[in-house]
Amino acid sequence: MIKELIFYSFSSVLICSSLAVVLFRNPVYSAVSLILSFITSGFLWLLLEAEFLAIVLILVYVGAVMVLFLFVIMMLNINKETEKSSFNSVAPFAVFIGLIIVAELITIIWINSSQFSTSSTVIQQSSQMGNTLLLGTELFTNYILDFEIAGFILLLAIIVAISLTLRPRKNLKTQVASEQINVDPKKRMKLVDLKETK
Amino acid sequence: MIVDQIIWLPILTALIIVALGEKRSELSYKISLFISILVFGLSVYVLYLFDPTTSGFQFVLKTQWIERFNINYHLGIDGISLPLILLTTFLTPIVIYTAKTTSKNKLHQYLASFLLLEGLMVGVFSAMDAFLFYVFWEAMLIPMFLIIGVWGGKNRIYATVKFFLYTFLGSVFMLIAIIYLYLKSGSYLITDFYYLPLQVNQQIVIFMAFLFAFAVKIPMWPVHTWLPDAHVEAPTGGSVILAAVLLKMGGYGLLRFSLPISPEGSMTLAPLMITLSLIAIIYIGLVAIAQTDMKKLIAYSSISHMGFVTLGCFVFFIEGNALNPATINLAINGAMIQMISHGLISAALFLSIGVMYDRLHTREINDYGGIVTTMPKFATLMVFFALANAALPGTSGFVGELTVILAAFKANGFIASLSALTLIIGAAYTLWMIKRVIFGPVKNEKINQLNDMNKLESISLGLLALSILILGVWPKPLIDLMNESINLLTLFITGT
Amino acid sequence: MLYQLSVLVLVVPLIGGILAGFLGKTTGKTFTNTVTIFSVLASFLISSYILYTILNQPDLIFNQNIYRWLEIGSYSFNIGLLIDNLTASMMVVVTFISLMVHIYSIGYMHDDPGYHRFFSYISLFTFAMLSLVMANNFLQLFFGWEAVGVMSYLLIGFWFTKESAIKANFKAFIINRVGDMFLLLGIALLFSLSGSLDYSTVFSSGPMINNQLFFITENLSVSALTLACILLFGGAMGKSAQMPLHVWLPDSMEGPTPISALIHAATMVTAGVFMLARMSPLFELSESALSFVLIIGSITAITTGLLGLVQFDIKRVIAYSTLSQLGYMVVAAGVSAYSASLFHLMTHAFFKALLFLAAGSVIVALHHEQDIRNMGGLRKRLPVTYTTSLIGTLALIGFPGFSGFFSKDALIEAVAHSTVYAHEFAYYCVLIGVFVTSLYSFRLLFIVFHGPLSEHNNNVQEPQLSIVLPLILLSIPSVFVAWPTVGPMVFDSFFSNSIVQPTSIELFGYEFTDSLHFLTHALSGPVTYIAISGIGVAYLFYIKQPEIPNKLALTFKPIYKLLREKYYFDYLYENILAKFFSSLGNSLWNLGDIKFIDNYIVNGTARKIESLSNKAQLLQSGYIYHYALMMMLGLSVFLGWVIINKIGMAS
Amino acid sequence: MLTLQSYLTLGAIIFSIGVIGIVINRKNIIIIMMCIELLLIAVNFNFIAFSYFNQDLAGQIFVFFILTVAAAEAAIGLAILVALYRNKKTIDVQELNSLRN
């Protein structure tokens, strides 16, 4: 019972905060609502015994990514533009279609529900060994290559982010090695025949 | 293994030549000439090893390629593909040999394109796996596209785009058909397709899908208009290969796919195909008379002659109530000879036009006249090729048309009579051109100062003339080569 | 032995021609003419030997394949030789005339820059003609048929810088091709019925073919054999220049005169007649085909002869005469008198070659003047040429005792006794033809050699020996060849192993004893008197009262115009048919290819797509959320499809 | 009784909210990026739910990678955003239509 209670309360909070992300005019408010939805989803994930991911979600997303978002919002100073109407001309139509999609998705889920395993009775291995340990073991054995690639992607992201935002100073004196190597003496020096002047 | 070498040796050489760069184009000329002659030697060696008494594929090479879909790198040669491979490897050295005079800029890339093309064309003719066939078929478009698009004439972009779109659109349908057949049979092996029990309706659909691809290549009326444009814009070597080999792929496809896979479908649609062939023969022949551009004229003549190939492939379906294996044999042999001979003759004619174009830089018939007074040797050969094009007995051009007409007459006298009109029409357009270009008083001062053929040109054209003559005087060896394979094909067509 | 010799006959001129063609330019004129003349001489000698052998061994038919040309399934096509009396005599005629022309050409072509080319061509022509004659199957026949056509094409256009020459050779080739197409169709029909191209197989299955029908429509059918014969004769109409495919022959006079003698009088144009004789086993089975042959032949004989009356070009007059004589030969074939036809072919080959070469001699003597209005009185300046021309002319009109007399008389005799449909018509045609023949022949002779000698022709001299010698050599057979040969060739069984025809009694209603008796017998018929009256009229018109022809021309102006315009056949072909087809081609190209397919379908599709995409571009606002909306729409549709599928599967 | 369906339904709802958010928004790209995060969360929900109910850890591993990639994506996206703002002086989606023409 307690699980159901937790699930329903948190999921209603999640839905509300998600709606808030979309509906707020001020991006700062949206960002804060997004933080809220991350936190609530973290709780819901705990319910599904994904402790590690829940914690990572909160630590990394709330702690790092969302802070980055807020940084950018403030850096660009865009909360001034909130006076405009926050929805565009296609909004009603989009909402309508969005509702249809929800309906369709739910229908599909419920049509297919007979195929789902209703196995909450499964022995919870992870409760003995701990979800983090299991995940770690899996990650560093079977998925080690993928893990490496993920790390590489992160590294790439760092480089890309820096190179995109870096504004080189003007008049910076640097060496261009290739030009130095390819210097052609003929281009540098010009022999000029001078006629005798009287 | 040797087939593998014939395919990949030129392709690898092409890569090397591109890597060598423009500065060493003289070296790359020598290399590519050597390699192409070597490849011709290899294919002659294949001919020597080839056993014409068996009908199946020989020199089979099979390696797994994509396991998931049961696609294999599966090569093999039979009597139908061997003559076409020989044609390809025979013409490529000639084209490369003459490339020096026709194309001066970026010679090494030009040569590389032809080597690449050669390998891919041989690939098409020797692929036993339908998917592999498709890959080669499509890949071949790329070098041809480049040859026309880079070294072509003024309007080359239009011509290339037209060429590419036409052929590509056609082959998409072929891909669908191949995939469908794969789903049916679980294999991409072409010969497995032959044994599929298909309903007549399915066969018709499959036939139509293949037809789109092959009709564009052949080309059949009304999807032929890309050819004159492509020819006019293509450089000499491009025209030669285009007319001599690329068009044959359509005919080869009909024999390799359409007829044995969907014999009943072919039978149902045979009246349509025969009508289209006759339109090609007569309508296009008349159109050729109206041309003022030599290359266009020969291009239309090619379409008209390829009409005989398609006629040969289908005319036997309308003979009486039951299929007669003897007629089938006759007609298909005729179609094959017609393909080979047209390959040689059109190549020779395009080379000849190239010889004139190199000197005067025009293809308009009206700019010429009285070539024979200043270039007697060339004129002799040109008249010979023209007569061969007009199906003179004793040249290879006659053999194919004779056999097809004989077969057509067995099937239906009227169709034969209509197709025999080509004797008049073909002579009219070819000799009408000869009359205005070669004979007559010297038209202008430029012609007065022409030099006769140089060594390069005389050797190339001489070789072609010789082969046309030999095939015309004694075509039996060629037929013996493919007889067994065509017998087998006949069995598939009659469904026994 | 005979086999090797026959192959040698065939191959020697080929080698000679090739050598002359490839080496002639570098080695000089003497080499060229030596090589070719010796090769043709060798060919002639061997042919004579073969004829001699065959004469000594009656019923010897020599039929052997040289090699297998093509083999497809059960069908095989061979290249081979068939030597019988017909072939052997044709071989001798061909090589003899060819030899004469070779010798003649040494002088005639002496100053021509294309000297070696000319000799090469005529040697190759000899090869082609021999391969036609010696063929034992339809394939080789067709090969020779087309090859002689090509050599004729090249030789008519020999002076290729002359616009009229290349026009004439193009015309000749195309019209010949029309005939060739019929021939090929005939061959194809025979092949489809008998399954072979060998003469022996086809002929032996002739009776079987005769019973088969060829369905033109569901209900309308003709006898397959008749159709095949008419198609074959269509080929002969092209090559032997029968109405209405005759127009190329007068134009072919653009070629050098030796060519006119060799190809367009003696040999190639008679190929059609030869073929009719060769195909006699088939033609004999079809009465209707024979009637067709007869009608065409008699129309040609009379109409083309009339045209000769109004020509002023010396060679064209002879060309029309050739046409008319070819008509005679065809008429003879039409009444089943193949032997008479062939006999006339042989005598005609001699005297017509003689006439042409004599004309050539006149032309050379007058420095390439061909208009007879500029000639006259040349009798005294060119005595040898005159004498030989006279002999040729007398032979042509069938003056008693000359070779033409025997052949023509036998031929007309056969027509008179024929029972084939339209034989009366043919009989009157040939009788009028005899009159017309002697009229135009003597018109030519009188205008050229008699009358006053004009000023500028005062210094004319007889040409060199190599030109005159063949004239003399040819005039001998023109007079005498018929005396010993008419009996065996026409009335006896000389051709019996190669030709199927009724017995001579049935054909001619006359029992042959000896040539003199035949001569007296023929004098009882009208032919000789008609011919002599023709001479008289010509004498009256062109010597006594030369103003009569002009008056006549004025009086019968429409008829004169019709004749001058050659019955408007040229006009029909060149200005109507050729124009029609070239404009048809043009409009097919412009309307069909460019406008309809290229502009409407191909580029039209492209344009349509372009305009559609222009419209579709309006959807492309560039706003991200519009694209996202489209994605949503797509997603919802996709999901809907999934649901429908699910429900469908469930139910 | 908490079943798989309830989690999936939750995911579907969050997903739709994210999608709608992308489309109806006219303010700025930042909100769109946040909506993308919402979409990812929804997807992650599904993965974790399946992983739990099927007792298969692969789902969680996948979520782990999604989180990684999403973080990278957010970083790059924001960097692009900054660069964009510098060049265009705006991040208003209404004004960013250079895709057209």
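Observations on the model:
Every chain is named by a letter (A, B, C and D) in the order it is written, and numbering of its residues begins at 1.
Criterion: a residue touches a chain if its C-beta (ideal position, glycine included) is under 8 Å from a C-beta of that chain, and two chains touch if they have at least 3 such contacts.
Since the structure is predicted, the reported quantities are computational estimates derived from the model, not experimental observations.
Each step here moves to a touching chain, and the least such steps from chain B to chain C number 1. Compare each chain's C-alpha centroid with the centroid of every protein C-alpha atom shown, and the nearest one belongs to B.
The mean-CA centres of chain C and chain D are about 90 angstrom from one another, to the nearest whole unit.
Taking each chain's centre as the mean of its C-alpha atoms, chain A lies 92 Å from chain C.
Taking each chain's centre as the mean of its C-alpha atoms, chain B lies 56 Å from chain D. Centre-to-centre separation between chain A and chain D, using Cα means, comes to 7 Å.
Shared interface positions of chain A, defined as residues touching 2 or more other chains, are 88, 90, 94, 98, 101, 105. Chain contacts: chain B has no residue touching two or more partner chains. Counting partners per residue, chain D has 19, 23-26, 93-94 as the residues that reach two or more other chains. By the document's touch criterion, interfaces exist between A-C, A-D, B-C, C-D.
Taken in their complex, chain C has these residues touching chain A: 625-626, 629, 632-633, 635-636, 639-640, 642-643, 646-647, 650.
The touching residues of chain B, counted against chain C in their complex, run 162, 222, 225, 283, 286-291, 325-326, 329-330, 333, 370, 372-373, 383, 387, 390, 392-394, 398-399, 402-403, 405-406, 408-410, 413, 416-417, 420-421, 423-424, 427-428, 431-432, 435, 438-442, 474-476, 479-480, 483, 487. Partner chain C is touched in their complex by these residues of chain D: 19, 22-26, 32, 93-94, 96-101.
The part of chain C that touches chain D in the complex is made up of residues 620-625, 627-629, 632, 635.
Here chain D touches chain A in the complex through residues 1-10, 12-21, 23-28, 30-31, 33-35, 37-38, 41, 44-45, 48-49, 51-55, 57, 60-61, 63-65, 67-76, 78-83, 85-86, 91-94, going by the rule given at the top.
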